[in-house]
Amino acid sequence: MHFLSDNAAAVHPAVWAALQAADAPDAPYDNDVLSRSLDAAFGDLFGRPCAALWVATGTAANCLALATLVPPHGGVVCHREAHIEVDECGAPGFYTHGAKLMLAEGEGARLTPAALEAVVAPIRDDTHQVQPHAISLTQVTEYGLAYTPPEIAALVAHARGRKLGVHVDGARFANAVAHLKCTPREACGEVDALSFGCIKNGGMSADAVLFFDEAAADLARYRRKRAGHLQSKGRFMAAQILALLRGDLWLANARHANAAAAELAGAAGARLLHSVQANEVFLRVSEAERAALRAQGFGFYDWGTDAARLVTSWNAGERHVTALARAISAL
Amino acid sequence: MHFLSDNAAAVHPAVWAALQAADAPDAPYDNDVLSRSLDAAFGDLFGRPCAALWVATGTAANCLALATLVPPHGGVVCHREAHIEVDECGAPGFYTHGAKLMLAEGEGARLTPAALEAVVAPIRDDTHQVQPHAISLTQVTEYGLAYTPPEIAALVAHARGRKLGVHVDGARFANAVAHLKCTPREACGEVDALSFGCIKNGGMSADAVLFFDEAAADLARYRRKRAGHLQSKGRFMAAQILALLRGDLWLANARHANAAAAELAGAAGARLLHSVQANEVFLRVSEAERAALRAQGFGFYDWGTDAARLVTSWNAGERHVTALARAISAL
Amino acid sequence: MHFLSDNAAAVHPAVWAALQAADAPDAPYDNDVLSRSLDAAFGDLFGRPCAALWVATGTAANCLALATLVPPHGGVVCHREAHIEVDECGAPGFYTHGAKLMLAEGEGARLTPAALEAVVAPIRDDTHQVQPHAISLTQVTEYGLAYTPPEIAALVAHARGRKLGVHVDGARFANAVAHLKCTPREACGEVDALSFGCIKNGGMSADAVLFFDEAAADLARYRRKRAGHLQSKGRFMAAQILALLRGDLWLANARHANAAAAELAGAAGARLLHSVQANEVFLRVSEAERAALRAQGFGFYDWGTDAARLVTSWNAGERHVTALARAISAL
Amino acid sequence: MHFLSDNAAAVHPAVWAALQAADAPDAPYDNDVLSRSLDAAFGDLFGRPCAALWVATGTAANCLALATLVPPHGGVVCHREAHIEVDECGAPGFYTHGAKLMLAEGEGARLTPAALEAVVAPIRDDTHQVQPHAISLTQVTEYGLAYTPPEIAALVAHARGRKLGVHVDGARFANAVAHLKCTPREACGEVDALSFGCIKNGGMSADAVLFFDEAAADLARYRRKRAGHLQSKGRFMAAQILALLRGDLWLANARHANAAAAELAGAAGARLLHSVQANEVFLRVSEAERAALRAQGFGFYDWGTDAARLVTSWNAGERHVTALARAISAL
């Protein structure tokens, strides 16, 4: 009964089927029929022209996007608990050739225009200081919180006013859209680039990174190859992503995971550290309580010394979720 | 009837089976049981301790290896037609932070101690010139030629005498071993790092990069993550590689591909540009002859203006190969 | 009556004399007699073997030092107001190929073992997080505060306990030694590398960076050349530095500047934002008061909205200093 | 009697005078009056708007220029004996973040449109290969040969036809203009960036890099700071350059050096390896002959095993030059 990570979840049967269907000769790299259909598939989904590149990880997606938005001598404003700052081993510094992450504050890993401004405003406009060139925000945040469309729009507008590009890390973008009940486009706003997570949501090894600007996409195609991310049998990458887009399977999967988290949240009540809007539940539980839950067979990560993080997946078993909810209630 | 590239070939059924068997919850990244068994599996195969990391492409394998062997201000000697020089979009420059590829001459993309020396000897030992730190050779070469164990040993010895590290790009290492009928260890010599290709040989999306030095492997683990190549569902990567190692499937696959190429080579006779030792056949054919072959349904790449490259795969159909051999004979 | 910056100060006559004496043919780059005598000169001064390289700026000195202490995927802990973080346009990211500055808190831009620990302790020892490899501290700090020898020793010991290298940014190291009345070696502790500032202290265009480890120095020599900092007429660089070392002119210059700052500090009294230990005086003065001082001909920088920074130089004129002290008293 | 290098030559008295005149308080970095007048001074000289930045070395000038012309994943075509390839310790790879130097052939280190084309034409226009973005040529070349204005114009036109930027390394640009008797603008053509050498021509520590595009200059200003090349007492850098421009001292100095070389060339006759157009003389002399010359007090570098390189300077003494010419004749 795994609530450790959506990374541990199984691959969706529709993804398996698509993988096997892709096992026929086609052009290598991203010249196959499936890879060549990605732009249109995402263009339809987002209602605007878009270039979509498959990559093997969210880190690669994020960093390829950043590399198109910031020069090596520039900076990207992000939350101090953003995945790109905390959990990517300096990959943004690698891909951007040394650009700086400029860290903003905010509850629940959420950025606000005011928090952005607190970082950007004091920077002197001279060659002695790294100048900001972009912002990166995570939808949903690292604590499972969604930005509403007006919040996103305000952040994007603020960034534009400062002449900053905008990237959205959407490792759990599906969970955001499922929660917000808005269009994908509303959920990310008029951004420059979006990391569109699939691996945590039923995929095996393919995420997508979307560029809403053709010049940026051209650049990213070279940078993807240069980073060793242009797989030779790319058809197996595109197949996964297309399988999740088909019939909005990506949304159905996210809704299932969100519902499971909501059930746990209901049981956790006042123990919750953060509102539960997606598929992550952070709750206050003592060491003894965590031991008790684990003794009942539930797997999850500690979060500091007196809390735990539970993550639900697209295939969270109803019985398991209910059992865990009861166990939490009973603590 | 595809002879375009071994990249276009299908995934081996045993790899599919292993992928599906891996679809059970396990620890993320490379903490799963399969990933943790790779070192031992390759250690057994090569008869010496080794650390093996999965990666999504040969480019990533090569460049992670180089990054452990050369500092940013150093150089790597390779053949001027080496894949790292010609076909990786500058990935070595990215991964090594600007180290230089120093280009050696040689028939059939083969390095020799004399060719190495011609590059290294003129370099002044001062801070004005980039100093060589390693060599990289490809087994089999980009033209499908194998280095014999004594040849490899001589190159390694020469490099050691110059205090240079040694990397072997083994995108088609299996084809080399199949041809040489020696041990894997003899086929690469006492090198520091080896890119062990699987994708061209029945895999889907996983190659391995081997380090015979623990410090280098430690470094490469950080660099892999930093390059966005640490996949979260790493069990699917390890599964592919282990499936190919099991029962020496990797060797059987390569033998099949080599045999198919040998059949074509027999038909090509005096048309051959290079001896055929692995699964690539380069032959002189006029534009009209190429058109004639294509009209019969055979797919392959032009090689300059008056030649073609044919590549055979682990699953080259006997009927197709024989048909192509006849068509070549009939030209 | 300039109190803007010690960068604006004149070149010391002894430095001029040394420059002109160096205007005779000698070997280019750092092969001249003067450049070759630097190691010994600094070795004597610090009482331990040392390699000293001239460079044109403190930024180059700092960053060459850092590049020997941290790999591209690592991190350097420094104060959040450190010059390397705030005023070098991301040069550390350039020279280290993307390593991360990890920001510690502390009054007056001073690091403490506890502040270091607060940064380092939460970092998980896995490949997902950037691992710290070194610390960098500024002696005197960006607010003109000196670490005492025991304080430095404690920081170095703490760093060593964490297996971290240590760099000291000594842009105003002379002012620290003048204040502390200790040996240069006591003032920086048993560090790996020291940026030894000369330009702010009577020089024209040469600072030194010292390495107490020969392997690091070897690396830095290549990196200096690779950064375009190996000047062809290096004799003019070495000459400046040697002129300042001769007869401890560097110390005399710093004592003069410190004494001038002390006189201003006495006048400033309760207005001081920081204790005055070197040649920088930060004092609370309203906009109107700053205007009044400027109307009397005193030049200085605003420090935020209600403070000013005054910097005294090796050649601060007694009359000017006294006049400014009186003007401050009279506010 | 030094003919080793123009780097060994003295600093011109006018440069000394300008340095000392600059020893008065002014704004730091490049905000002083002198630094701010550089753009106009070079704009006048070249007859078109231009931004001029001082830097401490020709390597820094070259590499800052290249960094504005080529992205990290791109390439720069240059001659295989270009200084940027052979003698800068990989600095171009550092400043461009790993871009590739693509090496062209040509007698006397001279590029031709055909040689360029031989490098560029075979490159496939896909993401697997590094794409060329610029060319860099040296005026005069590393062997002291000048491109005539029509030759330069043809190279620039060819580059533009290929959509490539153009950089000229003018470490000895003065010698080229002195030889060609054309305007500076004709001597470099309508390039994007020019490294304008001063240090070999009477300067002490300042070269200039010129950008004929404001956006490139903006970028270079940040990159100069980020590379640790923004000196705090920049007035001493600008002063040197302005002193050489005043009254065309730079041209007079170069004419003197060229005339000295011409005298030596006359004596060398059939021994010359290259036509002598600037201040470098390459001549065939046996080991015994070199020893004989050295025994007479002449200093110079060996060039391989049976040749020597003699370099004349702005202050080459007439008596010494004549003595050397006679000694060569007498061999």
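A, B, C and D label the chains in the order they appear, each numbered from 1.
Methods note: contacts are C-beta pairs under 8 Å (C-beta built on N, C-alpha and C of every residue); 3 or more make two chains touch, one makes a residue touch a chain.
The structure presented is a predicted model; accordingly, all values stated were derived computationally and were not measured.
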Farthest chain relative to chain A (centres taken as mean CA coordinates): D
Of A-C and A-B, whichever chain pair has more C-beta contact pairs: A-B
Distance between chain centroids, defined by C-alpha means - chain A, chain D (Å): 50
Separation of mean Cα positions, chain C and chain A [Å, integer]: 42
Whole-Å gap between the CA centroids of chain A and chain B: 34
Multi-chain contact residues (two or more partners), chain B: 29, 72-73, 88-90, 94, 97, 127-128, 222, 225-226, 230
In the complex with chain A, residue positions of chain C that touch it: 72-75, 86-90, 93-94, 96-100, 127-130
Residues of chain B that touch chain C when the two form their complex: 29, 71-73, 97, 127-128, 131, 219, 221-226, 230
List of chain A residues in touch with chain B within their complex: 2, 4-5, 7-11, 16, 19-20, 23-29, 55-61, 63, 88-91, 94-95, 199-200, 204-205, 222, 225-233, 236-237
